[in-house]
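Below, chain A partners chain B and then partners chain C, in two separate complexes.
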Partner chain A sequence: MKIDGTVVRGDHFSGNIAEIRKFAVMSLSWLTVIFVAVWGVCWALGIFIPMCLANSSFDFAAILSEVCKALTPIAAVLVFIPINAMFMVLMERRALALFTRRNGPNRVGPDGALQTAADAVKLLLKEDITPTGADALMFTLAPIIFFAPSIFGALPLLAAVTNNHKLFQIVDLPTGIFYVLAASSVPVVGIVMGGWASNNKYSLMGGLRSAAQAISYEIPLVLSLVTICLLAGTLDVVSIAYQQSGGLLNWNILGGGALIGLNKAIAALVSSSGAPFAEVMNAYYPYGWLSFVGAAVLCMCTVILFGVYLIGACAEINRIPFDLPEAESELVSGYNTEYSGIKFAIFFLAEFTNLFIVSTIAVVMFLGSGDCPLPTWLNPLSYPAVYEPLAKALSPVLSVLINDLHLINPPTFWAALWVIFKTYSLIFFAILVRGTLPRFRIDQLMDFGWKRLIPITLVIFVLVAFARGVINFHV
Partner chain B sequence: MTIQTKLPEFKTDEMVINLGPQHPATHGVLRLILTLDGEVVKHTEPVLGHLHRAQEWQGQNRTWFQYQALIDRVDYLSGMFTSWALSRAAEVIDGTEVPRRAEFLRVLCAELNRISSHLLWLGTYLIDLGALYGFPFYPFIEREKILTFFEEISGQRMMYNYIRIGGVQRDPKAEWFKKVEEFTKDFPKRVDEWEAIVTENPIFLNRTKGIGVLTKEVAQAYGVTGPTLRASGIDFDLRRFKPYSVYPELKFDVPVYNKDGDTWDRYMARIQEMRQSIEIIKQVLDMIPEGEIMSKKQNAGLRIKAGEGFAAVESPRGILGCYITSNGSDKPYRFRWRNPSFSNLSVLPPLLEERPISDIMAIFGSLDIILPDVDR
Partner chain C sequence: MEQFELLTNWAQVNVEAFVLYALAIIAIPCAFCVLFDRAIIRSGFFLIGVFGAVCGLFLILQAQFLALAQLMIYTVGITLVVVIALMLTNPRLEKEGVAVEGRERFSGLVIATVFFLTIYCALRSESWPLSSLRMNPENVKQIGAALITTYALPFEFASVLLLAALMGAILLAKAEPKNDVSKIAGEN
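Entry: the complex of A and B
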């Protein structure tokens, strides 16, 4: 059916394919730009400059190269966060346009790819207004306190998502996830400060709502991650990520390691070498059917925990359906009603960075970090017969880059690729939710948090504590 | 050693907050002065008049022909109905016979307009509930098609000026009817799709079920009309109760909800009304006869005989009435409008009492108010 040249239903599907293609091209090119830029900076600062300095006879060469190496992770985060937020805003707008059959921003740059860059410039040039009667100091501090934790909270995750690359091991933090969670609970102080200092009743209400919401939803969020830590036996994000390597069955979302035994047993069956199937199974599941029940319970629990984590994270970063602190139809814009110019830009930047960080935490804690979802025994590249000829064919081209310049580090490269894929899939899911659901009411939000999520996570915590007793995890 | 058993007195103050007239969610320029205790509304005072344009006075100072073009602005989402009420009142005084084809065209356009108005309500209501980005655009896609139909017959997308005193402005071509027919086949499927997303959505149910309960008695006392009244369980529809035009010849249901009269019922009443409107349009497309479409000359010399008359139509928001006194000159002597939005809005303060601030928009949106229709 066609009315005056407008494409309507019927032609709908073919009409959208073109838009989907544009969206995919835009996303891929932006992602390439981001990660080439970030890795370029890291490589130049952490590898190339020290490499040049090593040959020089300059007095402070050694110290300078150490300083450069130490600054690398910070530079990575500082380069990454603004560009990434720009891309995420654009991606969100284009994706929402896709869901609602609009075109989205498509004027600035090729297919609107530079739209958010233009928006950022516009925001920076706007007048910075402090309302009459506002507490100027608090009003200025609020966006900074809101934004800063997303920078320092992200640092321990860097090593976990890059397969423990030596450049990104800033500090050996045995309580990594604890530190990340502590950092991620600071921004709410910024919101309350901003709401209170604005001298606006709507802002005040938004700030107070945010405090109530953050306190309620941090509990299920932390409980779900603590249960995973209980299964992993460690708080260190790098070792949690490392434990999950070896394919989908080892990931924390499927039993938190309960299926490692199954994975190994099938691998033994497929390779027909090493220990026989039954023997491996017995080593991991020593109590017969009781162990299998335990494994099934663990799988169910961890899947539910993942859901709880996603809900808690959505509430923690104030996204629909939990965007009560900035409920547009009720509170105008909530805590940031009075903000303009650069301060508003920082709030905006931090919101999207927080979304990225909670997605990354989900990937590290539940989705196997930089691990390929195919189990090793199913992955063709893990067999020497496939891998070796490929490596031989590519070695003349790549050996310079890998061995001489250290420009490509294969383990880190693959890990980063998978992390990018998984993280942005979760972000896309959050956008999908935003395009579907209405908003909760504040008392329903509290009910849902305290009466549903917290009891569920507590019950699961106890269940997991018992169920893990009947399985051997890491033999 | 003494143990303090009594907590110190904890004093709370009420906060007065201005919702509007420049608030993103008040659908125009309504101002509500709210007294809040925490997040709970203690008292509501709607302040009207921000959009007062003296439409009645303007009518007395313009010729009949000029005022016909102006009156679409009273209810900008359902311009067909305002022109229809005006035309019917004038025809009652004048005793004009409206050609049969014109009556069918009026019903056809009015029902299409009813759908387009409900579609805009559906989209914006979901925005009021916080589904800001996804769903609200879907009804607008269908509304766009209806606006295209109107553009083809009247040259306008909002201020149609299509229904005139004595008939309708233009006779559509045969292809136009075909397009409308295709639309009526396609539209019920779209309604099913929207219902699949919205009607049983748990968050939507939480936000609307049992919220803003409007009982029969309160609704009658405040003179509430339209789908809002029928959602409270009173079967009152002018098309049925006091049939006009060709409605007696058409078969259709009037959806009435007998249970609660909450916001969810008002939502369902409008959804069902859209389905019924489609049924009416289908019948009209079958029954429409050939013939004249206008019985009065449309120019500056348009005159109505001296006398008084009142006529009302069932608009998407309720009973839209027009009372005219004519002295036989080229201008009406007195004008008075009875607007459904005004009486529907007056029921807001009792509905909002003791509700949290998040429910304000859920309840206010469900009443489907058009601010120019309130203030005229």
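Entry: the complex of A and C
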């Protein structure tokens, strides 16, 4: 745009492209740093130390290596959370700047890449103030209760996003998704506690709003995930992730497995070996057109469920347009008004970690976890003719890393890569929503939750329960 | 739960007993705080602590599902109780501390004794056989099957009871406010 306000044609686009490039470079370098660090810690603790201890003759060594292995998942989470939160804050600020055509933070480090690291240091060095009249014990406990579930709650997901790597099998619970949901219902206690203990009317209001909102939106959120569990027939996140392997058509967002038959039939058609197309279709869709109607209904239902999940999750973690508990313009940032220094940092950390966790849940439950979106019959890498020469060419370089040091585990590597891509895309989407939508009013929020979302999810639940009867799943 | 056994074998002690005592150390003081804390909100939060510890008890009894249900229902439920307590109590009264009359004290004592005796008798009249069976990996599936076969009737009764409670709550909340002040409160 020129100074007099006229828009030069094309300027609109070319002006932003440099910023987009900077954003991409920044994101990729931060992501590399994060995941190399996290995997480095996991590898050192879970593989390298036990490998060194295996040769020693101590009695104690075996126990020590077991303990190291058992501690790997929690160490991974503890290393991941702070670095990731730093990156996500930066990503959010840069992305919002992109959407509004500003520059965003660009002074600290190359293109502002170290801005949030500097912010974190500043926050930790600040004075920690407890206001007069505040309940000191509750005031201190609140950030901890808010933060603890985000450390422990996400553990079962670790097994699902790493293709069940043997280091993370210890956290693969049979009640996986239920555990995650139970843990995600705890933070609201922290918010109410913090709001009440601050001895500030705005904070109390924020806490009360948060309680009302979290309880209203937890119902559609849980119902949408329960419906997916109904389709999957299990609560175990690793099984749910495995059921979705084999391309886009198998993902839960497209019918929760209703299209597996179609996928297999097309694969049979393409490979022209094995069972013929019609036979496979009959095995999966035994009732003719009724089955096809059922599959169509299921596809529609799961897409709506995905939407409901995203809305519910947004409300659950208090993000715009549902950030009423901390509405700056009315409540001067609500429940965390009185917090400063490290306690505020913990609230902040937990908020961004929760955004990451709900995105990961969406990826695992709806978007096929670590699965490549291309169906197997379309994916060139799944054909031996393409795959084998490639593997042969790379094997001298990689075999030391893969077989001797166990530094790279190919199934985990690809799964993690896809999960990272999908999760951060969802986070980017959440930021886009934040940059687009205004905040709800509290009565609109309640109406929307109770009068729209809950009836929709209940109807879908019943529809799915009937529709799944006319299709054979996971034969 | 195998980790418990590994640790037990290694340390030559009963780790489960240790965890039990650790949970008791959390639960019992929290329970006393629920009773004796002046600020009703704070006692609500202590109640969450008690239920959290009970959730831990379920975990060492290998009842994962029950533990999680406990956490999910009670944390959210008690947050609601706390919110209601916040709205119904006057914070200024808490600081003054209302003196309890003699007659109230007596009736409270009677109710507490009867309640304690009821729970005590209920617990003692049942035999609690110890089982060394391992937890079935399909624990959740079994609970689900039991709920719609063996315990179908109690399950339905419980849901009807909850439905009645819900309708009662709606009826109470729906009462039209008479004067202007309560009208404003009702809108919020």
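The criterion applied here is as follows: the second predicted complex is superposed on the first by the 464 of 475 C-alpha atoms of A that agree within 3 Å, B and C clash if a C-alpha of one lies under 4 Å from a C-alpha of the other, contacts with A are read in each partner's own complex, and residues count from 1 in each chain.
Going forward, contacts are C-beta pairs under 8 Å (C-beta built on N, C-alpha and C of every residue); 3 or more make two chains touch, one makes a residue touch a chain.
Source: prediction; values computed, not measured.
Novice: Going by the contact rule set out at the top, does A:Val41 touch chain B (first), chain C (second), both, or neither?
Specialist: Touch partners of A:Val41: none, neither chain B nor chain C.
Novice: Between chain B and chain C, whom does A:Arg441 touch in the aligned arrangement: first, second, both, or neither?
Specialist: In the superposed model, A:Arg441 contacts chain B only, not chain C.
Novice: Tell me the contact category for A:Ala182 with respect to chain B and chain C: first, second, both or neither.
Specialist: Only chain C is touched by A:Ala182; chain B is not.
Novice: For A:Ile129, select first, second, both or neither according to whether it touches chain B, chain C, the two together, or no partner.
Specialist: After superposing on A, A:Ile129 lies clear of both chain B and chain C.
Novice: Pick one for A:Ile215: touches chain B only (first), chain C only (second), both, or neither.
Specialist: After superposing on A, A:Ile215 lies in contact with chain C but is clear of chain B.
Novice: Touch test for A:Pro174: chain B only (first), chain C only (second), both, or neither?
Specialist: In the superposition, A:Pro174 touches chain C alone.
Novice: Is A:Leu398 touching anything from chain B or chain C once the two structures are fitted on A? First, second, both or neither.
Specialist: neither
Novice: Along chain B, where are the residues that touch chain A in the complex?
Specialist: Where chain B meets chain A, its residues are 15, 17, 23-25, 39, 126-138, 141, 144-145, 148, 179, 182, 186, 190, 197, 201, 203-204, 206-207, 356-361.
Novice: Show which residues of chain A lie in contact with chain B when the two form their complex.
Specialist: Listed in rising order, the residues of chain A that touch chain B are 1, 3-4, 6, 8-9, 96, 99-102, 201-202, 205, 320-321, 323-324, 327-332, 434-444.
Novice: Mind pulling up the chain A residues that touch chain C in the complex?
Specialist: 63, 66, 70, 135, 138, 141, 170, 173-175, 178-179, 181-183, 185-186, 188-189, 192-193, 196, 204, 208, 211-212, 214-215, 218, 235
Novice: With touch defined as at the start, can you tell me which chain C residues reach chain A in the complex?
Specialist: The contact residues of chain C facing chain A are 3, 6, 10, 39, 41-42, 45, 48, 64-65, 68-69, 71-72, 75-76, 78-80, 82-83, 86, 137-140.
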